[in-house]
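Letters A, B, C, D, E and F name the chains as they come in the text, with residue numbers starting at 1 for each one.
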């Protein structure tokens, strides 16, 4: 069975990217108290590859995942791709269709289910703006990917 | 130029679906104070059509959009479809691929840009669970669609 | 080398579905003079299967393709699917996402290239409306699929 | 309610890209008489970004849309993307899958519905060829995107 | 590092669905000797849900996965969806676009990497025919999905 | 009617890419005896265009298809794209989403149906690995595309 959605791993990841600056510390504490490890960061580009790379690099450097284990990298990679589906809503393309993103990202790892045998899962949340490569011609966008690890 | 992301229309919509029960009233107040109108609701189904219908019906009944104007219905419809891309992450299918959703939804309408000429926009946020049609075999999912109205 | 685009097989198919009633006879004559055979028809449904079926049935009944040859059915089928991508623009879904179509269709067959060795090709054109299952809440849509036969 | 499809905004956009040279002036007159403003142009590339850019630039330069208003740019952008779905039929990719396009485009703006409250809409039509980057190894392709503005 | 591709988990899954009847016992032995557990079966339908269900049911009944653990079901589910992408090649739809499949499937579980820390993975392979719901109007199709478990 | 699946054109193409080195000659003989012509090769890249190009070039150089006939190139091209859907499982992207492939490919041509009027068909099979651009962080992948020629 699942723990309460009140402290879900996905909700935690989303709250980390949605938190305004004065809310961030409190949000971090709550996520830590729920037993999750996490990293957060920012990335902006017309090049999707750089977005994927920024998230992978942060998760590796901050030891959210073990970069020597492919199963962990594979879990993270598919969670990133799923989050990008939410950000791009149809075709996972940025510069190729003349748009750019400015995103905050979070990667959260932990045990979201009461049954310990369900083991660890990973959530990737993205929030920011997507639009033309001209300041202000953009609207908000978000995405969430979740995977077992 | 855009208003601060602190009170973005997309963030408002996301906060309405992410709010835990004791946070909901405060969230609603904040969204109203930002000048947005909104409705919230719940829907769960293996049938995508019912999910689309539930959101459209709520937005019409609660007068977030004017159902007699196609341009408003069209704006809402594409925002719903974009949000569903985030929920389904690849193929906008539920029962056809043997999965079901239980979602909270919000529809938020208002003027998110400082320049009044940008007029009104609409945001549709979804948050909940997606998974097999067996209780507990599910994980969180989210989606956000934004459109000018 | 290709014949002039002035009398392309795709343009012919599109003109057959775009022609207003007083233009239709002239359009038909032009398409026949270009050496193409064709059929036209109408179909409307929330059920994509019925749309595919209506086009296949018309093309078989009017002997545009030989229904006993799979290679001809296969050529037609993929041309229909490609045309439906243009009509649905992202996810080839109708009723599942609560929308319906009212379409005119044409299937055109012939030799569009000067080099006779290029043989026969088939074009499927669709034009009509797509929208909510409520009269008037709809806009125009089109699609074109082309395949060698 | 919708005006007759005889003078639909989508049909107008399609006719502008389908018109042979001797038909173009008459087509332009008809579109103007229907109360629409429009621009037309040509673009060819293996790089999708250049296709999007060519259409956006033409629409801005010829004042079909107001480039300072994001809501207008947003309406145009999604109409372009929808038209590209019809052109690419599955994956919105050109050079990445070793194909190129040579396209005529039109952008048409105006009020396609009898009810004035429906306001302005925009249509983007594309017609031309898609194929290998070798002259003659190509077939026709089309796409139509429509949006409220 | 990966074990030789000669005995890859994906190749094993593919060989199980490709084996002709007189080759099947030998193929099964080879897969078992490579240390993998597996199940095989057949499914045919215009209804994608039945295809997904048949594979899930076989994998549960034959104890390839533990149906009480969501992480195992989740791993299997995404591997099935990935395999279906190969079978459908573009839109994960069957009856909705008037086509049907007749498929052999295999689900293989085991440790495909030399590094034991990589743990268990799952492969789902599909092979059979796809086409119109008329005997003989069909061609072959295949798909492979792989996931960590 | 179809020939036995035992010697299907798709199965032949798959067996050519799956064969271990000591099995390759026997597989080639079997495919030739079934009356098919074929070519095989290897390609690896983060750039999808190079993958498409490698397959097209091999098929042209080894005279599996006649590069001067667009209908043959068109048949091959769509078969390649369909095979790539199986390899990429959702979005036909490699480097853009920070992944790379190492693939064996085969292109097989011949008459797979008993009825000679069904004429020639083409099958493209791909098998290899997909993953991060780091050695070992990869899993197997496959794809099959079939088209009439």
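Throughout what follows, contacts are C-beta pairs under 8 Å (C-beta built on N, C-alpha and C of every residue); 3 or more make two chains touch, one makes a residue touch a chain.
None of these values were measured; they are calculated from a predicted model.
Student: Please identify each chain that touches chain A as well as chain C.
Tutor: For chain A paired with chain C, the chains in contact with each are B, D, E, F, in label order.
Student: Please identify the chain with the largest separation between its CA centroid and the CA centroid of chain E.
Tutor: Farthest by centroid: D.
Student: Could you tell me which of B-E, C-D or C-F has an interface matching A-F, in the sense that over half of the contact pairs are shared by residue number?
Tutor: The pair repeating the interface of A-F is B-E.
Student: What's the chain with its C-alpha centre farthest out from chain C?
Tutor: Looking at centroid distances, A is the chain farthest away.
Student: Averaged over CA atoms, how far is the centre of chain D from the centre of chain F? Could you give it in whole Å?
Tutor: Averaging C-alpha atoms per chain gives centres 36 Å apart.
Student: Centre to centre, by mean C-alpha position, how many angstrom separate chain D and chain E?
Tutor: Those two chain centres are 43 Å apart.
Student: Hey, how far is the Cα centre of chain E from the one of chain F, in Å?
Tutor: Each chain reduced to its C-alpha mean, chain E and chain F end up 20 Å apart.
Student: Where does chain A touch two or more other chains at once, residue-wise?
Tutor: Residues 70, 74, 81, 90-91, 93, 96, 113, 121, 136, 138-139.
Student: Tell me, which parts of chain C touch chain F in their complex?
Tutor: Answer in residue numbers: 69-71, 74-75, 78, 113, 115, 117-119, 121, 147-148.
Student: What residues on chain C touch chain E, complex-wise?
Tutor: Going through chain C, the ones touching chain E are 47-49, 52-53, 56, 70, 73-74, 77, 81, 84, 91-93, 96.
Student: What does chain A use to touch chain D in their complex?
Tutor: On the chain A side, the touching residues are 90-91, 93, 95-99, 131-132, 136-139.
Student: Help me check something: in the complex, which residues belonging to chain F touch chain E?
Tutor: 1-2, 5-6, 8-11, 14-15, 18, 20, 81-82, 85-90, 112-113, 121, 123, 127, 129, 136, 138-146
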